[in-house]
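Next, two complexes with subunit A in common: one pairs it with subunit B, the other with subunit C.
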Partner chain A sequence: MIPVLLILIPLLTGLAAFFFKNDKNVRLWSLGVSLFTLGVSIMGLSLKDGAGPLAFHGEWMQTLGSSFSVKLDGMGQLLCLLNAIAYPLVILATWNSSYKKANNFFALMLLAQAGMMGVFLATDALLFYFFWELALIPMYFLCSQWGGEKRIAVTFKFFIYTFIGSLLMLIGILYIYSHTPDHSFSIESFYNAVLSRKEQHTVFWLIFIAFAIKMPIFPLHTWQPDTYEQSPTATTMILSGVMVKMGLFGMLRWLFPVVPFASFQWGDFITSAALIGVIYASLIAIKQNDLKRLIAYSSIAHIGLMCAAAFTQNISGLQGLMIQMFNHGINIIGLWIVVELIERQFGTRKISELGGLAQKAPVLAVLLVIVALANIALPLTNAFPGEFLMFNGIFSSKTNYYLWFTIMAGIGIILGAVYTLNMIRKVFYGTTNELTNTAMDIKWNEKLALGIIVAIIFLFGIYPQFLLNSTVAVTDTIIDKFEMLNNTLPKQ
Partner chain B sequence: MNALLLSAILGVVMMFSGILLKSKAAVRNLAIAGLCVLLLANMLEMCGIIFFNIDTKGMIVFDNFSLLFNSIAFVSTLLYLLLSARDMEKVGVNYAEYFALIFFILCGITLTSSFKSLLILFLGIEIISIPLYILTGSDKKNLKSNEASLKDFLLGAFSTGLMLMGIAFIYGAMGTFSTVSIGAFTASKPSALLIAGMLLLLFSMSFKASVAPFHFWTPDVYDGAPTVFTSFMATIVKAAVFIAFIRLFDDAFGFQQKQWQLFIAILTVATLFIGNITAVFQQSVKRMLAYSSIAQAGFMMLSLYAMNADAKEGLLLYTAAYSFATIGIFAVLIKMKDYTFDGFNGFAKHQPLLAATTTIFLLSLAGIPLTAGFLSKFYMLKAVMAEDKNLWLVIFAVLMAAVSVYYYFRVIQAMYFKEGDAQPMEVTPAFKWTLVVLAALVILLGIFPDLLLTWFYF
Partner chain C sequence: MQNVLQIVYLIPLLPLIGFLINGLGRKHLSKSLIGVIGSGVILASFVLSIWVFLQVKGGNTHEAHYFDFISVGSLKIPFAFKIDQLSSLFLLIITGVGFLIHVYSTSYMQEEKQEHFGRYFAYLNLFIFSMLLLVMGANFVIMFIGWEGVGLCSYLLIGYWFQKQEYNKAANKAFIMNRIGDLAFLIAIFWLIQKLGTVSYSEVFTAANLAKLSTTDVTVITLLLFVGATGKSAQIPLYTWLPDAMAGPTPVSALIHAATMVTAGIYMIARSNLLYSMSHITMDIVAYVGLATALLAATIALKQNDIKKVLAYSTVSQLGFMFLALGCGAYTAAVFHVMTHAFFKALMFLGSGSVIHAMGGEQDIRNMGGLSKKLKITFITFLIGCVAIAGIPPFSGFFSKDAILLSAFEKNPVLYGIALFTALLTAFYMFRLLFITFTGKFRGTHEQEHHLHESPAAMTIPLIILAVLSIIGGFVGIPEVFMHGGDKLGEFLSPVIATHAPEHPVSHSTEYMLMGLSTGLVLIMILFAWFKFRNYQRTEATGFGKVLENKWYVDELYDKVIVNPLNKFGGFLKTVIDKSLIDGLVNGAGRLVNYSSRQLRLLQSGQVGNYVLLMVVSMVLIFVVQFFLRK
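The block that comes next holds the complex of A and B.
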């Protein structure tokens, strides 16, 4: 029942939120229900993988061979937890931002949460596709309605991009479906689908494009910086913190186990693209003057590294990726919160116009520095174990180019440190100017949100074992599929 | 059979109601009541209760497919009348006659959905077309309406000629009008006469269904006709033609699928391409919807291409999804004074409910999940995918579907994200509630398509 609750709570409460009249009430309402969702999600954590309440199967669209089946496994648990933690944090941190028609804003946010939960939980391909799109539609409205000046065109680009991707994925899903032994969309049938090598290549690209756009990896990333910049920051937090993980998650759940051969074959190619993206995005980030764009490019860099780790297809790489998906989500939300605070206070995001904030807002500065250090994966922060494992994975992967890949990833990390530290230096240290002279320190709710993030950073930095434990079973299944299906593949 | 006779009788009744009933409201209510009776009679036939038992010598067979489509057409017409019947008053003075013509068209629709003989097909198509010529030109003082009517008539007559010639050729080749006997023909090599006849039928049906490259009349006629009637023409009539199309090719030419499949594929690609790309450049929502109807026809053509169980099932769902959504959008559009995209600017602020329902209809047309439009497109893709080698056709279709998002979302953008003074409009609460019901239907079919499709197998 837990997975159903995780979807239904945000869905129903989101629909209800449309009817609120009062601004304040709807905030309280969404904070309350998102805390409730968090509670349910933590309850799900306390149960063992494979326990009864963690799965649900209902009849739905039988004539099509589809059903409403959802399951909460280790990887899903982490991402649902991320999704559930993100919402209270976002609502808390943006408590003082005002939105026109706040009821619609929060309703759409909650609906997006329901969609993302569904993506992480579905064990039926058609259901997965439904939720995949459902998460997108509220985002489209959120960004176009409450975003910056160029929001309409930018969001439209984002929508068309992802829509093309998802339609191609739909064809891929149908293709696999027509090759399943029992003509069903369930994940088991998909894992048992018999596809020749040639067919695997077709399916791989049909589906991978959708995930590549969503993540996004180079060269399909062009929608991302604009969208992050133009969206309202609360939405950007969700987009970059949770939603982009849908792409990575999709690969692990729906792509690798179904077409392991093609995934392996194209690994080098995609890893190269992803790592070029890492360096490229980092270089652009160094030159950025706009805080939002800087973080947007930093996000591309991080996701590129994660994508490369996914294609290592060994235990270390995959496990590092899974825990990094969670930790990156937490860290980037922290960075966005800081940006939001700065923008709200000074009305600008230009790095050149800021400076010396540390003197005026010491608490903010300390919290930011911690989040930023986590962003560059310093030991004792939560990102360290993940990145370490991913590096290890890339270094020990089966490809001939592993050394090159490791070097490229390493350069990416160094560049990451450059732009992050540069940003801290320019914004928080140095001399104050007219604008920043008036700076005030942050309020209690913002302190609370950032404080929670910092706590999580240290908690999982010092004790990552919990994250590792919950992902080990899923990693093993994927690796098993690789070995098993590679052996039994029909030759063609 | 119930529906066939009743619709003809109701047509006559409506004709005289104009003389007997003085108030327009009474005429309208009579029409709506008549339609309810018609729907009920058809439903009863689905459950095996038949009022009239006439031996048609196998020329007309009411099977599940035709009965279910009749029901879809009647429900769509009912919703259409509930939403837009009032707006017909503005078109001209012959209020009752419009309803009479609509009932005659419905009579033709029952024929095209149930024929087993080429003659009945011809009759059905003509019974649909002739009232349509009149409805198109019903705004007598408007030059555009006259032009549209004339264009429709001339080109329509021409394509009817083609159809007759095709039927004659086929009769010459086979010595029968019965689609079943033609379909039973299994000789390895069909005669040139038969192929020529088949192609002529294909072209004339393509013309009626506005499939590219026979679509040129569509935008002008849809644009010129009074918007209330465009709504009817572009939805229910078009769906009926497609049903006839698939019925004809399934029954009569199914055995030669390989021969015409490539033809259909080319027509499909052309229709999808022209419909979608041209729609992008439109400035008027009405004209955009005309091109969108061509684009949607392209998707429906996929069912002809695949011609399997999924395709027939999917086409029924498609006609329902497409008709519901388009009728809804037109119902709102009729109330607008400015048909351009800019006319919708700021619409959501003034009419939040109408804007929300219109959004649902547009999302359905664009094929977003949880709406009927998605599942109907899904069925089409699935039907084509069942035949392994057609990946390119499917990929082309979805790319075009992505293009369609561009013009459908322009309306949404105008309604929600752009500032503007929406025009004041009079809407009754009944109108609003009917729209809500329609939107609910669209979503319901998108979540539980089985509600509709189980009737296919009852």
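The block that comes next holds the complex of A and C.
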């Protein structure tokens, strides 16, 4: 029942949130229910992968061959946990931000959470698609109703991009469905679908485009900096911390095992694009003057590396990717919290207008430095084990270009240090100016949120094995499926 | 507690606890308490390190496995420590010199605000922790953790006075340059994982595993590790961060940027000596790069006027000597020089700190002069440091430098010639520094002259201890020609470092002659410096001197060739490619859809006639297409 609860709690409480009248009550309500969801998610984590309560099967549109089946496996556990941790953190950290019609705001946020939970849990393709859309639609409203000045144009772009992606994915799903032996949307049938090599290529691109847009990888990324910049920060946190993982997750669950041959064939091409994106986005991040855009481009770089790791299709790369999906989410939420604090206090996100904050807000400075260093994967922070394994995966992947890929990714690491340290230097160090003279240090709720993030950073930085253990089974399944299907493929 | 080797984890753990207490309690603890905690934990680690050292000397080595740091598939990276001859020696140097510098800092940093005082000691403790991880780790990944950790502390301490953006820039530069090296280190680790499936020293350095590596593998791995070392240990081409790192407080320069962290590269190569000895190409490259760095940095040091900059370039140059030794296969000599250099360079940096303290923050030696009268202890100890680095027997520097020069001679007399020339430059610039600073007339302001005073005991006692060590530190490695079995250090390290048979062994008489030659020439250089600088008058550098004063314009070159183009390219990507091209295409597509839908809307005119016409035309078209496409 746990996976059903993970979806139902945010769904129902989100719908209920629409009816709240009082601003404060709806915050408390959302915080409370998100903590409840977190509790359930931790309970799911404590159970062994494959245990009875972690799966649920219900009848749903039987004639179509679709059912309401959900399952919490190792990869789902980590991502659901991320989703569940993210919400209380975001609500806590943005406690002092005010929203007009707060009830609608929080209701939509919770609905998006329900959608993402469903994406991470569904073992039925149609259900997966349904939740995919359920997660996206609230985001359009959140961005267009509560966003910045250019919110309408930006949301429109965001919508068009993801809508095209979703449409292609739906076609892809229906295509596979028509090739399943038993005409079913269940994941087992999808994994057993008989597709010739030629068909695999078509299906691969139909579905991959949707995921590539969602991540996003170069050159399909231009919706992302704008959307991150214009959305209310709480929404951006969810978008960049949790939702981008839907694309990576989707590839691992719904793409590679279904079309292993095409995934292998296009690996080099996509890895190249992703890694060009790493360097490209890092170089642009160096030139950014807007904190939000800087972090947005930094995120493109990080996701590019993760995408490359996905295509390594070896244990090291995939295990690294799995724990990195979780850790990247935690760290980037930490960065957004700092940006939100700065913007609320000074009314600007321009790096050139800030400076000297470390003098006035030492606690904030220390916490930010830790989060920023985790973001560039310093050892003993949570991002290091993941990046280490992903790099090792890229280096030991079967492609002929492994050395080039490693070097490209490595350049990204160096450039990452450049923009991160420059940002710290310009915003936090140096002397204060007129604007930052009156800076205040952070409040208890923000301290708590960042403190939890820092605790997670060190916990999984020193003992990453905990996360690695929980995804071993899933990784093995993906690799097994990949190899098995690749061997039994009809030769043409 | 029967065996101290069972509790070696305390050695790094204590500084970590010190870091946490001082870091978290910096607003609540008094300065004296912060100082006591900060220094106390290091003293405790030092005592444990001595104990460990004695155990190892008695023949006990130890490998402690705590937990699996990363375990994925067949790859297992344990969090484990290895205590053997090499690491126990480094433990002594790190905690010993580290403790003295902590004590010194309690007085040197006294004028800092309590909160920043706490921050300073927290960083310093964190540094010791990371450095201990680096040398205690039982595999390359733990070494890497310490490796990046010391880089972080170096960054934090260079930018300790964070109000000054110049200092922060120096801190960033140090971090980023180190990261370039670190990337090579990482790739070397991946290479090892791919070929051997392990990164533990005890598994990599076995005959069976080493035999599995092809010559190319060995060359590539050793070269990549060496690139990592050039970052951390400030060698060509990644050395330019170290002189800038002098922006940090002077005790930091003494500890991190002279005595310990920058020797991490030497440690790494000495640790992997079995691997390095398998590749002649790498050995040659290490030797040449080391020697070139030694020479380049020595020429720059000739013309520097900032007391700390002279010492910084001297450090780069001495590190170059150590790499020369490594490249000649004289690993023990390199480690020996690490030790003696730690003594005399820490001594001189702390001495310069004492001078700067007395001069009220002044660092330009052109504004000093005649300080020997007011700062007696500082002067005498500094003099001892200069004699030691110049390599005059029986001071410590003589023995270690002699071992390096000899190994160079055995490899190739040309290398020896250049190395000797560099050693002469070393003697010259060090005594130039000494004479300009301490002899002649005082050239500063009246206020400064009035303020001149010897430093308090917390600063002078570490100076005296280091001076004693600089004198006697060389006796652990007396060459065989003087005393049979005098090379205690080589004997001690022999289980970890295979003795390397020289390509061209020399006779005893040649060895005596070489020693005599270098000592005699060094004395001449000192005399030359004495006549030139005892009554120094301020002059402007011209011609070639100007090039040296400007450090061969290497920083400018890097800016022109790498930094600026990258910056410009980033701007180009941001405005032209991302905004105009990619986003332009996307928006263009959007506009196209908009436009075409506006046009299409016209079709829906509501007039039945138009619809019928359209229908007929379409049907005809479909038939025509069908007709042509049929098979």
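In this section, the second predicted complex is superposed on the first by the 492 of 492 C-alpha atoms of A that agree within 3 Å, B and C clash if a C-alpha of one lies under 4 Å from a C-alpha of the other, contacts with A are read in each partner's own complex, and residues count from 1 in each chain.
The working rule: a residue touches a chain if its C-beta (ideal position, glycine included) is under 8 Å from a C-beta of that chain, and two chains touch if they have at least 3 such contacts.
This one's a predicted model, so the numbers in the text were calculated from it and none came from an experiment.
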item	value
First, second, both or neither for A:Leu47, with subunit B first and subunit C second	neither
Touching partner for A:Ile276 - first (subunit B), second (subunit C), both, neither	neither
Subunit B versus subunit C as contact partner of A:Leu35, first or second or both or neither	neither
Partner chain in contact with A:Leu373 - subunit B first, subunit C second, else both or neither	second
Touched partner set for A:Tyr429, first subunit B, second subunit C, both or neither	second
Contacts of A:Ile160 with subunit B and subunit C, given as first, second, both or neither	both
Which of subunit B and subunit C A:Val4 touches, first, second, both or neither	neither
Per-residue touch tally on subunit A - higher for subunit B or for subunit C	C
Touched partner set for A:Tyr129, first subunit B, second subunit C, both or neither	first
Subunit B and subunit C contact sites that coincide on subunit A, given as residue numbers	156, 160
Interfacial residue positions of subunit C with respect to subunit A in the complex	67-73, 75, 115, 141, 144-145, 148-149, 152, 155, 159, 162-165, 168-169, 171-172, 175-176, 179-180, 183, 186-187, 190-191, 193-194, 566-567, 569-571, 573-574, 577-578, 582-583, 586-587, 590
Touching residues on subunit A, where the partner in the complex is subunit C	156-157, 160-161, 219, 222-223, 280, 283-284, 286-288, 315-316, 319-320, 356, 358-359, 362, 373, 378-380, 385, 388-389, 391-392, 395-396, 406-407, 410, 413-414, 417-418, 421-422, 425, 428-431, 463-465, 468
Residues of subunit A touching subunit B in the complex	61-64, 129-130, 133-134, 137, 141, 144-145, 151-152, 156, 159-160, 163-164, 167-168, 170-171, 174-175, 177-178, 202
Subunit A-touching residues of subunit B, taken from the complex the two chains share	363, 368-370, 374, 378, 381-382, 385-386, 388, 391, 394-395, 398-399, 401-402, 405-406, 409, 413, 416-418, 448-450, 453-454
